[in-house]
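Should a chain be cited, it is by its letter among A, B, C and D, assigned in written order, with residues numbered from 1 in that chain.
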Amino acid sequence: VGRHVHPRPGQLTLGMVTDVGGLGDKSFNDSAYNGLLRSRADLDAYIKVLQSKSAADYQPNLTVLSEARFNMIYAIGFLMGDDLQQVAHQFPQQNYAIIDDVVPAPNIISVTFKEEDGSFLAGALAAMVSKTKHVAFIGGMDIPLIRKFEAGYEAGVRQIDPSVKVDVKYAGSFDDVATGKELANLLFNGGADIIYTAAGKVGLGAIDAARTRPQGYYIIGVDNDQDAVAPGKVLTSMVKHVDIAVFDIAKGIQTGHPPHGHVVLGLKDRGISLTDFKYTRSAISSAQLQTLDTLRKAIIAGKITVPYTREALATWKPANL
Amino acid sequence: MSSAGGALIVTLLTLTLIKSTPIIYAALGGVISERSGVVNIGLEGMMIGGAFTAVLFSGMTGSPVIGIIAGIAAGALLGFILGFAATVFKVDQIVAGTGINLVAAGGAAYALTLIYNQPGASPQVSALGNNFWILVAIAFACAALLHGVLYFTPWGLRVRACGENPRAVHDAGLHPLRLRLYAVILSGALAGLGGAFLSIGEVNIYSDGMTAGRGFIALAAVIFGRWTPWGATGAAIFFGFFEALQYVLQGHISWLPADAMQALPYVAALFAIAGLVGKVRAPAADGIPY
Amino acid sequence: MEAREPLAPDAPALELRGIQKAYPGVVAVGGVDLDLRAGEIHALVGENGAGKSTLANVAFGAIKPDAGTVRAAGTVGLVHQHFQLVGRLSVWQNVMLGREPRRGWRIDARAGRERVRALARDNGLEIDPDAFVDELPIGVQQRVELLRELEREPAVLLLDEPTAALAPAEIDSFFKTITQLAARGTAIMIVTHKLHEVLAYSSRVSVMRHGKIVARFETASTSVDEIARAMVGGELPQVAQRSETAPAPRFSVRNLRAGTGSVALNGLNFEVRAGEIVGIAGVEGNGQTTLADAIAGVIPFEGEMQRPPHTGIIPQDRHREGLVLNWSIVDNTVLGRQRLPSARRGILVDRRSARADAEAIAQRFDVRAASLDVAAGTLSGGNQQKIVVGRSLLGDPEFVLAYQPTRGIDVGAAALVQSRLIEARNAGAAILLISFELDEILALADRVLVMYRGAIAGEFSGANIDRGRIGNLMAGSSV
Amino acid sequence: MSYLKRTLGGPAGAILLAFFLAAVAMLVAGVSPLDGFEALFIGSLGGRNQIAETLVQTTALLFPALGITLAFRAGLFNIGAEGQLVIGGLAAGALGAHFAPATPLAIFVLLAAGFVGGGIWGGIAGWLRAQFNANEIISTLMLNFVALAVANYLVSGPLKASNASGAETTPLPASSYLPTLIPDTRLSIAIVIAIGAAIVLRWLLKRTVFGYELRASGEAPDAARRNGVNMPRMTLLALTLSGAIAGLGGATIVTGVLHRFNTQLSPGYGYTAIAVALVGDLNPLWVCVAAFGFGILEAGGLAMQALADVPKDAIHVIEGLIILVLAARRYVATRAEAAPI
């Protein structure tokens, strides 16, 4: 056990502050961390992660990293905006990036994702693959971010076939794995055969439910590529590439051309994408893949505007392509 | 319609059983501990210990049964720590329980990084699969067994006496501290089993936060069930039922937001305790070091 | 249950040598030698706080002495001054705890019950083995304690004020039991304040004073006076004289109904006038506790009750109902009076007057304590009782409910307490005295109400007070 | 055994043992204990800003711990400080976001809102106990879950700031921030209010008739009831007041630290505060000291991540160990003396 490692002079230094979900959330914190790891591997960066226990920790964590003059400090999570704004104001020379929130400041890069667009494709795929014409959604907590996933998914289903039934359940937690399994079983038993989860680790339980079922029941994973967690049971994963965003920003810093302002990542720049059906290709026809691609292009081209709130979903009509 | 209604009821009851089981185990653990005079606020931590250790050993040996046994042992070990602190050092039991909760949660989370090099959740290990129903049944057997032990055996009588007046137990030539220590170890073992049920009974991984406050709900179930094994079991089923009900109902009552649904078990409990007018009395020496 | 080999009569059963035990500020026991012989009943008497309970606890092994040795020829049993029972277990479970009869892995409940029933029968103690202890009146709990010790057939049995809570009839049968036990070879030491019991039943008497044994008598050749003088180191105080007072109703109940079952009150009517002591005579368990609870406001009742705002209450159970054991004497002095103008300054507790009050109580009642700041729980039983009594009489209360006010108090102090009650009466207080000791009632009361099965079975006053007729009514026979 | 007890009994022994166990935990974590402890103390006491952050944590723990102290002294096991704190914060945040008058009075109104909100939340449990004899351990625990559900619902829906991407209320106007105590830090006058509350609570418990009756109900309920204490009323009052103090704490976090309400307000202050109150012997002034000690752990723990690479989870283990050992010390140290206050 030696004294801890310091960055070498000239080394790219990257700091990250997690939100209260912390590392291991199987969601955006983990994904961001993967981006840091990749930066360490590919860019020889020195990285440091500070986790937060409550909202009150955000500011001290950001301050500590700022005082240490990291080349880039990432604030992960949608509740860190105000704190970041204050800290960024105090350290005008310091560069920051925030994920999932928009903070207008000259030294902050805001990165948001069009989760609803990817969720739309997930919904469309689910509606096409479902044999029972009945699909479902499991959310973690009923908060605006998760409602984006829900709304996009339902719209996607409706785009393919408005008669397909969509059940929605919220686990009330992002950690309660057992409840994820129970909810998935409840939904499967209720007739759904495909479930999209946007619930952190709760989704792991849902995947386990599919694993112990016969062929034909699927989970659609979220945030990270979860296809390999239960090969053949995870139809696809709606990946939100926080890692790529984090890496790209790091790389931009190194090359002297960092992005600035508000970066919105969606299907176009592959900030959002579905994984490529490595284990479930046989369950999907080429026609369905074709449709999926058409929809993706339509969204990119702006021919489809995906709703991201329940209110918008209520009045949303499938696009006529 | 009636067959759909029937199916719904079956679904509801099945889910109730599954939801109740870990709470039953932990609540039975709470009963035995509190009847001996030790408040066990560390049930949550003991569940965590059981859940994690079960995964660890199942993963190492490939045998979920060994995992379950290891989970029980881990709970018992934490029970031993609480019991030892509560008897020999006469530590305030609530503080010690809080300490146990922190150590267990932090320890398990840290061990994930240390052992598996991945925070948040363990890799998948071999689990009970459909055999988890055996553990559901065993929960009820445990309730019956604990009832038998508490009310029909000399040891049970002594434990109950210990929770009421340890001095009388001492005057009878017995060892109240030893009785309490054993009771709390047993308590931890049961809570550990409850945790193991969650991790390798129901699913096949350990994940941080997966106990999700069930240890605290179990504590409430102990009181709700008036410190009796069947009472606590009933109370655990009460919680399990309303949890199941809220999940089943979600989406069917559109004007109720999910958060309101999620509060259902707790609100139901509030109404239920208000309705249970009458003496709900803790063991007289519960929480008081001897 | 195999019987213990009895010791030969007069064989030494318990030897205490040089026992010392000190607490901060007090030497509870300061070098005591004591021998108990098999088959004797040895009375240990002394003022409150003399160190009797401490000595008994040392002999039993519950307290480790600072110095000295204890040698016993067999097991030692102790019946505590403050019982050590498990309230929520039944009588037979309490008695058999630690020695449960078994059938396989189970307790043989029937055998346990039968054992206790037989034990009770053999010793003339009436009891329901299945009753829950915390539902029993104190006197019956005493029997449970005794049964528990009898079950263990100890070579030495120490009894700390066993009769303090017993009714006269119970006391007789209790001593019959004890005498039988002694005859079988058990060495018995009994701590008591009731000197006539000492004379009637013991063979030897040791008198303790300030932690030492100051006198020892063969009972046959001594008298109550001699023992009492040895105890207090001088003459006994005289009980105060009653004086004429002007009667005006202070406390009254009309159609008072409360409680359930055998202790329910079914429509009581009576009043207590200023300057009068009304005694409630009766065998324990006829509703006296229910009446006291209703007056204290801890149980609901029907009917009317007129109770003046300044009421002093002496509860039955000083430990549970009278004192906050962890609090100092000074703090306990305020309890029950905290809302009275005399005990507070605006919203604050008047601590100066509390201390002055505590000093007054200590002085008027001769409270023996290391200081007024020690926790009430560390006081000897009798001194605790003095605090409770003293507090209730502070500041000229208009009405006093006195439930067994001299329970556990030594003869000298009992005379003091009785005097104080009479003085309060003379000063115009209305006093309701509930006691199971007819002697006490006859000594103090201006008027006697006999309570039987929750009703008033008869009333006597002045020259009409007739011990025999009261006794008959108490036993339930109509006159 | 008695030798071990005696060694552990001294405060020095206890602290040594705590540090030893913590050092072992750090070694397991692959961190040099020297680095770890250095980080712990530098991070919590090593400078103006560090001390300020330590006091911010102290304050957040102190309010609920004082509320718990009051309830426990009345013999009521209020384990609902977490929920009361959240509701207090919610009340202040909601009011501050929507109806704040732009005068210094605003601060007072927001704190009062927190006080009342927490009081109502505690009062529900008090009412259930007084009216129906409903066990307060269950009711306060259940109300914690309900509070979080209510808060989550409100900030995700009706009270959500329209332009926020997360679930939180509109930020407070700067005019209703609690004034800071040390410039350029987050330390507000909340710490002064908290210490003031501790002093008032001590006075209330020790000097007043109300406090006298409250302590009597806690120490000896049978004696209290028989000696003129109206127990149902005392129950209601004690739990209401207890909740109100915790709620005030929530309001100070909103007005002094976060300047808005969201559901990540508390990492479980209300639960940790139970240990704080008990380690502080349920004596308001010692509770202040205990809260400061826990504040060092919380703030220093955060710094240990940054300065010594001790992972967050290992810090929890260290905290838990220290709590266990401190509790043992408390017993040995206080057993000889009579009851506190």
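The rule is simple: a contact is a pair of C-beta atoms (placed from the backbone, for glycine too) under 8 Å apart; a residue touches a chain by one contact, two chains touch by 3 or more.
In this text, all values refer to a predicted model and were calculated from it rather than measured experimentally.
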What chain is the most remote from subunit A, judged by the mean position of CA atoms in each chain?
-> C
Set B-D beside B-C; more C-beta pairs touch across B-D
Roughly how far is subunit A from subunit C, going centre to centre by Cα mean, in whole Å?
-> 75
Subunit B-subunit D separation of Cα centroids, rounded to whole Å = 26
How many Å are there between the centre of subunit B and the centre of subunit C, using C-alpha atoms for each centre?
-> 45
Using mean CA coordinates as chain centres, what's the subunit A-subunit D distance in Å?
-> 35
Where subunit B touches two or more other chains simultaneously, the residues are 109, 119, 257, 259, 262
Subunit A: which residues touch two or more other chains?
-> 22, 142, 172
Residue numbers in subunit C touching 2 or more other chains?
-> none
Per the touch criterion, the pairs are A-B, A-D, B-C, B-D, C-D
Interface residues, subunit D side, partner subunit B - complex | 1, 5, 8, 28-29, 128, 131-135, 137-139, 141-143, 145-146, 149-150, 152-153, 156-157, 271-272, 274-275, 278-279, 311-321, 323-324, 326-328, 330-332, 335
Which of the residues in subunit C end up touching subunit D in this complex?
-> 296-298, 313, 315, 320-328, 331, 334-336, 338-339, 344, 347-349, 351, 374-375
Spell out the part of subunit D that touches subunit C in their complex, as residue ranges.
-> 207-210, 212-213, 215-216, 219-220, 222-228, 338-339
In the complex, subunit D touches subunit A at residues 27, 30-32, 35, 49, 53, 56-57, 60, 149, 152-153, 156, 160, 164-168, 171, 186, 253, 257-260, 262, 264-267, 269, 299, 302-303, 305-309, 311-312
Which residues of subunit B touch subunit D in the complex?
-> 81, 85, 88-92, 94-96, 98-107, 109-110, 113-114, 119, 213, 216, 219-220, 223-224, 257, 259-260, 262-263, 265-267, 269-270, 273-280, 289
